[in-house]
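Two complexes come next, and they have one chain in common, chain A, joined by chain B in the first and chain C in the second.
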Partner chain A sequence: MTMGQLMALAILVLVAATLSGPRLPRVWLALTLAGTAALLGAALWALGGSAVWDWRSGFAVGGERLHFRLDAVSAWFLTLVAIVGGAGAVYTREYWPDHERPESAGRGRAWWSALVLCMGLVLQCANGLHFLMAWEAFALSAFFLITLERDRRETRAAGWLYLAASHAGTLGLFAFFSLLAARTGSWDLGPMKDHPELAPLFWVALFGFGVKAGLFPLHIWLPSAHANAPSQVSAIMSGVAIKMGLYGLVRFSGWLPLPAGAGWAVLALGAVSAVLGAAFTLAQSDLKRLLAYCSVENMGVILIGLGVGLLGAANGDTTWGRVAMAGALLHVWNHGLFKSLLFLAAGSVLHATGTREMSRLGGLWRAMPWTAGLFGFGAVAISALPPLNGFVSEWLVYLGLFDAAAGHVPVAVAIVPAAIALGVTGALALAAFVKAAAMVFLGAARTQNAAHAHECGWWMRAPMLTLAAACVGLALAPVVVWPFLRQPLGAWNPAWRGGEPPAPLAALGALQAALAALVAAAAGALWLRARANGLRRALTWDCGYAAPTTRMQYTSGSFAALAVGWFAWALRPERWLRWPRGPFPSRADHVERIPETVLERAIGPVSEVVMAASAWMRRRQQGRLPDYIFYLVAGLAAVGALVVFGGM
Partner chain B sequence: MNSIIAFPARLAVWLLLAPLLPGIINKVKAWVAGRRGPPVLQLYYDLARLWRKGVVVSTLASPGFIAGPAVAWVAVLAAALLLPLGPLGASLSFRGDVILLLYLLALARFCTAWAALETGSAFEGMGAAREVSFAVLAEAAVVTAVLTLSLQSRSVSLSAMLVPAAGSGTLLLAVGLFTVLLAENCRVPFDDPNTHLELTMIHEVMVLDHSGPPLAAVLHGAAMKLLLFSVLLVQAVLPVGKLPPAAGAGALVAGVLVVTVAVGLVESLMARVAFRRVPLLLTTAFLLCVFALLIAWKGGAA
Partner chain C sequence: MNDLLNLLIGLAMGLNLVALGTSRLPSLIRIAALQGMVLGIMPLVMEHELRVMLLAVAVATVSMKGLVIPALLRRAMRTANIDRDLDPLIGFLPSLLLGAAGMIGAVVLARRLPLRPEHHESLLVAGALASVLAGLLLLIGRSKAISQVCGYLILENGIYLFGLLLIHSTPLLVEGGILLDLTVAVFVIGIIVDRIQRAFDSLDTRKLTVLRE
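Showing the complex of A and B:
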């Protein structure tokens, strides 16, 4: 079997899965798993053998012949699509079944396979026109998945916001691809480094793909869409779909000539996204919204790596840029895996308790030990702590930054602040994930819902365990991943095609394995020692207070208050405070809310002005004849004036 | 030195000598206050006693409550083993080990905060919130300090970074790192290790519910962390690696003693700062490190 046959099989099977989705859940699951397995096979084939699958059809679609191309860069992202697409499909079986959601379960299955298929097509289209078509189909299937629960108002609002933002980005891509086609004379895509006049198009692509990737000021659609979508959809949106935007940036920064400021802009955008994304993450009180903002932060980390890679490539460097770019690419995989894991675990919590509000949860570890353990695992991984996989990729990005700084490169002016920003981001993300895990799973249950939670079944547990196992593999054996990782790196910049790992990955992997073993041994030894000495249970020591209640625990808001105060200039927290007054105070309350700052403070007012201007214009279009005669006369007068005075 | 002897020697330094530091600090404080104070070896006695004691665990706590201190202790020890120890050198040195060191300390912080939040106590929640929040500012300062050393030595590996002195920015870097040392190890003026049950504490309040062997792990880990930061500070400031082995060892020991005594003196002569001033103090430390970095940068360009 050839790679092309495998891809054709995957596409056919996924089309069949889409068709069987509404009525035949078992057939759908089998077909989706088969399709994602075929995608995974093709992707790993392309990554392993460095072969490029290039295929043109004999027939035309929309006036252009189909052109598919699967190279290492596409395959790198396709792997993620396949793994999360398969895992989420299994999860759906228990999380969104027909008997609980008779109205939307079938639609959900069909759109799921459609989404996986469309993302697969986006990654392979080497024709601008078809890229746009696949991109639009991908955006639409994601819209229908986000709005599965369309009887909820917030879901519909989130869906519309996503659709509007997504189309704003697509508008940029329309401009990008049509300008590209106009200047090169063909819709065909491929390496075009020899056309220096194409360089300014990078800025258009940065906007178009940046909206999809959720970079900081363009992320407005992301939190509400990811929070309100069903959890398996949040997982694939956050883990994979936003990576499509990143794919666009990596792909076209590798193919097109770049303007001089590209690396600087990407690096700055990455640093801003990382730090502010992390600050917003810490401030959230809704579990899924927190995870969504964390995606903004991680996109920032990846962009820092990409920016350093661009600067390195522009400076003809072969060390630091290469390391950072390797870190960015590896972080794409890592973030895709552990973010999907976290969203699936959050879905398990939502399924069991019916709320995403962290201040209504607590103490779930007893009822949901698997979910708690898996979420805790994901929290350590996403905080980039050793010995898990998040650390490996962030370490590579750090190494690129430090290498550049230590080498006193000319761009160190940008490198040094980015390294400090990455450090701050790491500390903020750690705070956010200690908070998320602890508020949901530790301590005492804050409400009855949380007290009566139940563990999820094996259909939900198995995909989470698979994702966690993939994370462990990447953490302990990064050197095994290197032969795969060097392919997209070499495809992106042929000068970096070399075979040597850019960093002591073997040493790091061995250390991580040793650390994992030591940690397990120490925890076991301490547990045995404690049990041998006698282990007694007692109430938590609350400084002698005799009647503690569960409401006295620290909440999500109080935990984050200190750091939120430092970032108040960006977060703009809103507070309503009513003090208890008088000798017999009747009531007092304190409400605190973190607004969607960019949306509510910037985009909102601007769109209100636009709406007001449009409403004013509409009043001038009432169909009254005298008005139109007046417009006509005024227009003619203006033209006349132009002719008379313009000629002088 | 032969690595078969050197590794146990390093391990012994970190495991056996670390608990001396809190003892010395307490002696200095007692001396300044005109008291006799507890014996220098008090922490060793405490650890031995705690190791034999039973454990009381909150009814709310999960197994993570015991695992937390264990993981944190391993993380601090692993970080310590990455740090070169004067003429003994580091156990393992590779490009980028300094980043692993920083993130191992972060792992310890994650686990301590996790274990604190296990109990559902308002006090421990408060301590954990403060610990992870102040770490944001401390992390900025530490990363800047490490970048300074990296720029200075043109290297990304600890054993090369710590060989030369920090150049003309040394004093700035020393003050910055010393401030971070005080903050990270929860000493006055950031925190008061002597008070218990007070609303203004950070670290002590996080470990209120620990007892027996887990508390021993917490206390020993804290002592190792103090030694780790002292050793880092001394080697960043003094060219220990350039001296002959005996002199280097002497300089390292003397430097750590000076740092320890300085911590004790600060603790005796200063009050804890008002809580809302803590970020200001940490930002100052960060700025000092930034200036040191700029000097190192200029020095490198010249």
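Showing the complex of A and C:
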């Protein structure tokens, strides 16, 4: 069997899965798993050898011959599509079953396979026209998945916002691919470093792909879409779909010549996304919205790595740029895995309690030990703490930054602020995940719903465990990943082809393993000790108040208040306060809300002006013929005035 | 010769102002008819020798614009049973002032346009522009269908004046064709006016806005 046959098989099986989705849940699950397994096989095959699958068909779609191409960069992202696509499919069986969601379960299955298929096609299309078609199909299937629960108003609003933002980005991509085709004379994609006149197109691509990737000022669609989608959809959207935007950036920054400032712009954009994404993460009170903002932050981290990689490639350096780029690519995998895991765990919480509001949860670890453990695991990984995998990739990015700064290269001046931004990001992300895990799983249950939570079943647990196992593998043996990782690096920049793994990667594996063993030993010792001595349970000190309730715990707002204050210039928190007054105060309120700053303060007012102008124009369109004639006369008079006085 | 032509054009421009100032529909129709007849005899003044074709077109123009079209309009007016445009969108005095301003503007504009030397002395371009403006002003400012038709006629008269600039190069047959078009259009409008009146019990075009967009 060749790689081409494997790919064709995967595509056919996924098409069959899409067709069987609405009616036959078991057949669908089997077909989707088979399809994603085939995708995974093809991707690992392409990553393992240095072979590039390049297939041109005589069959034309839209006047262009089909051209598929699976090289290491595509395969790197395809691996993630396959793993999360398979895991989410299993998860759906219990999370979104027919008997609970008779309306949408069938639709959800069909669109799921379609989404996986379309993302696979996006990664393989080597023709601009077909890339756009696959991209649009991918965006639409994601839209239908986000709006599965379309009887809810917020879901519909989130879906429309996603669709609008996505199409704004696609508009940029239309411009990008058409200009590319116009300047090269062909829709065919491939390395074009020898056309220096294509360099300015990078900015168009940065906008188009940046919207999909959720970079900071372009992230407006991301929080509401990820929060309101069903959790398995949030997982694949956050873990994989936004990586498609990143794939576009990596792909075309590798193929096209780059303008002089590209590396700097990407680095700056990454730093802004990372820091502000982390600040917004910390301020959220909705569990899934918190995870969504965390994706913005992690895309920023990846972009910092990519920016340093671009600078390294532009300076002809092969060490620090390569290390940072390796970190960025590895973080793509890592973030895809643990973010999906976290969203699936959040889905388990939502399934058990019916709310995403962290201040209505609490104490869930007793009822849901598996979910709590897996969420905690994901939280440690995403906070980039050793010994888990988030640390490995962020460490590589840090190393790239440090090497560049220490090497006295001209870029060092700007590298140092980027390193500081990355550090700030890490601290904020850690605080955010301490908050999330503590609010949801520790303390006492704040509401009845939280008190009556139940653990999820094995169909939901198994995919989470799979993802967690993949994280552990990447964490403890990062050197094993190197043979795979060096392929996309080499494909991205041929100067970095081959070579030994960077020294830190080899050392890190042993260190991580030792640390993990140490942590495990300490935890074991603690458990044994607790078992021997017994655990003493007592009330928290309650300031002498006679009737404490479970609501008298830290809320997510109070936990984050300090850091939110530091970032008040960006977060613009809105507070309504009614102080308790008099010796016998009756009622007092404190409401705090973190707005979607970019959406509500920048895009909202602008679109209101546009809407007001349109409404004014609309009133002029009342169908009275004399008015239309007046417009004509006024227009003619204006043109006449231009002709007469313009010549003066 | 040129003086006589300019006199006629001046007469037509004066009629524009009278049309803008009047509220009675019969006099509006009469003014449009009179202007049409004045325009109809202009080719005879402009040409030095009389040709049969020229004569035929002049006679056709005068009879169509001066007799047939006004008759059609009067008939429509009688069936619709109105003879005044009482609530114009732009009042009679303002439209008169606007028309006068437009006339001055037209004369100024005509001076600035790069015309051929033989047209420098004539008022043809100024008169054409002034009539077009007056016609548009009637179309915009009046509410009843019949006064709008009169505006349309005056607008067409302005275009006809422009056409006279090219009298030496345009075949007169084209003028004849335009005349026929105009007559048919007014004939159709006459029928439509009757239908509008029956369907809506009013000739106010401001009420005909349901089919917008």
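In the analysis below, the second predicted complex is superposed on the first by the 616 of 648 C-alpha atoms of A that agree within 3 Å, B and C clash if a C-alpha of one lies under 4 Å from a C-alpha of the other, contacts with A are read in each partner's own complex, and residues count from 1 in each chain.
The working rule: a contact is a pair of C-beta atoms (placed from the backbone, for glycine too) under 8 Å apart; a residue touches a chain by one contact, two chains touch by 3 or more.
From a predicted model like this one, the values you see are computed outputs, not experimental measurements.
Visitor: In the superposed model built on chain A, check whether chain B and chain C fit or clash.
Guide: fit
Visitor: Between chain B and chain C, whom does A:Val644 touch in the aligned arrangement: first, second, both, or neither?
Guide: second
Visitor: So, A:Arg619: does it touch chain B (first), chain C (second), both, or neither?
Guide: neither
Visitor: After superposition on the shared chain, which partner residues are touched by A:Arg587: those of chain B (first), chain C (second), both, or neither?
Guide: It touches nothing on chain B or chain C.
Visitor: Check whether A:Ile629 is in contact with chain B, with chain C, with both or with neither, and answer first, second, both or neither.
Guide: second
Visitor: Quick check on the superposed pair: does A:His99 touch chain B, chain C, both, or neither? Answer first, second, both or neither.
Guide: neither
Visitor: Check the contacts made with chain A and report whether chain B or chain C touches more of its residues.
Guide: Tallying touched residues of chain A, the top partner is B.
Visitor: With both complexes superposed on chain A, which partner does A:Val424 reach: first (chain B), second (chain C), both or neither?
Guide: first
Visitor: Taking the superposition on A as described, I'd like to know which of chain B and chain C A:Arg26 touches: first, second, both or neither.
Guide: After superposing on A, A:Arg26 lies clear of both chain B and chain C.
Visitor: Considering only C-alpha atoms, give the closest distance between chain B and chain C in the superposition, rounded to the nearest Å.
Guide: It is 59 Å, taken between the nearest C-alpha atoms.
Visitor: Would you please give the residues of chain A that touch chain B in one complex and also touch chain C in the other complex?
Guide: Shared contact residues on chain A: none.
Visitor: Quick one: which bits of chain A touch chain B in the complex? Just the residue numbers, please.
Guide: 362-363, 365-366, 372, 376, 380, 383-386, 391, 394-395, 398-399, 402-403, 405-408, 412, 416, 419-420, 422-424, 426-428, 430-431, 433-435, 437-439, 441-444, 503-504, 507-508, 511, 515, 518-519, 522-523, 525-527, 529-530, 533-543, 548, 550, 552-554, 558-563, 566
Visitor: Can you list the chain B residues touching chain A in their complex?
Guide: Within the complex, chain B touches chain A at residues 51-60, 62-64, 66-67, 69-71, 73-75, 78, 92, 94-96, 98-100, 102-104, 106-107, 109-110, 113-114, 117-123, 125-126, 128-130, 132-136, 138-140, 142-144, 147, 150-151, 153-156, 197, 208-209, 212-214, 217, 279, 293, 297, 300-301.
Visitor: Okay, in this complex, where on chain C does chain A touch?
Guide: Touching chain A from chain C are residues 89, 109, 112, 133, 136, 139-143, 148, 205-206, 208-213.
Visitor: Which chain A residues qualify as touching chain C in the complex?
Guide: Where chain A meets chain C, its residues are 621-627, 629-630, 632-633, 640, 644.
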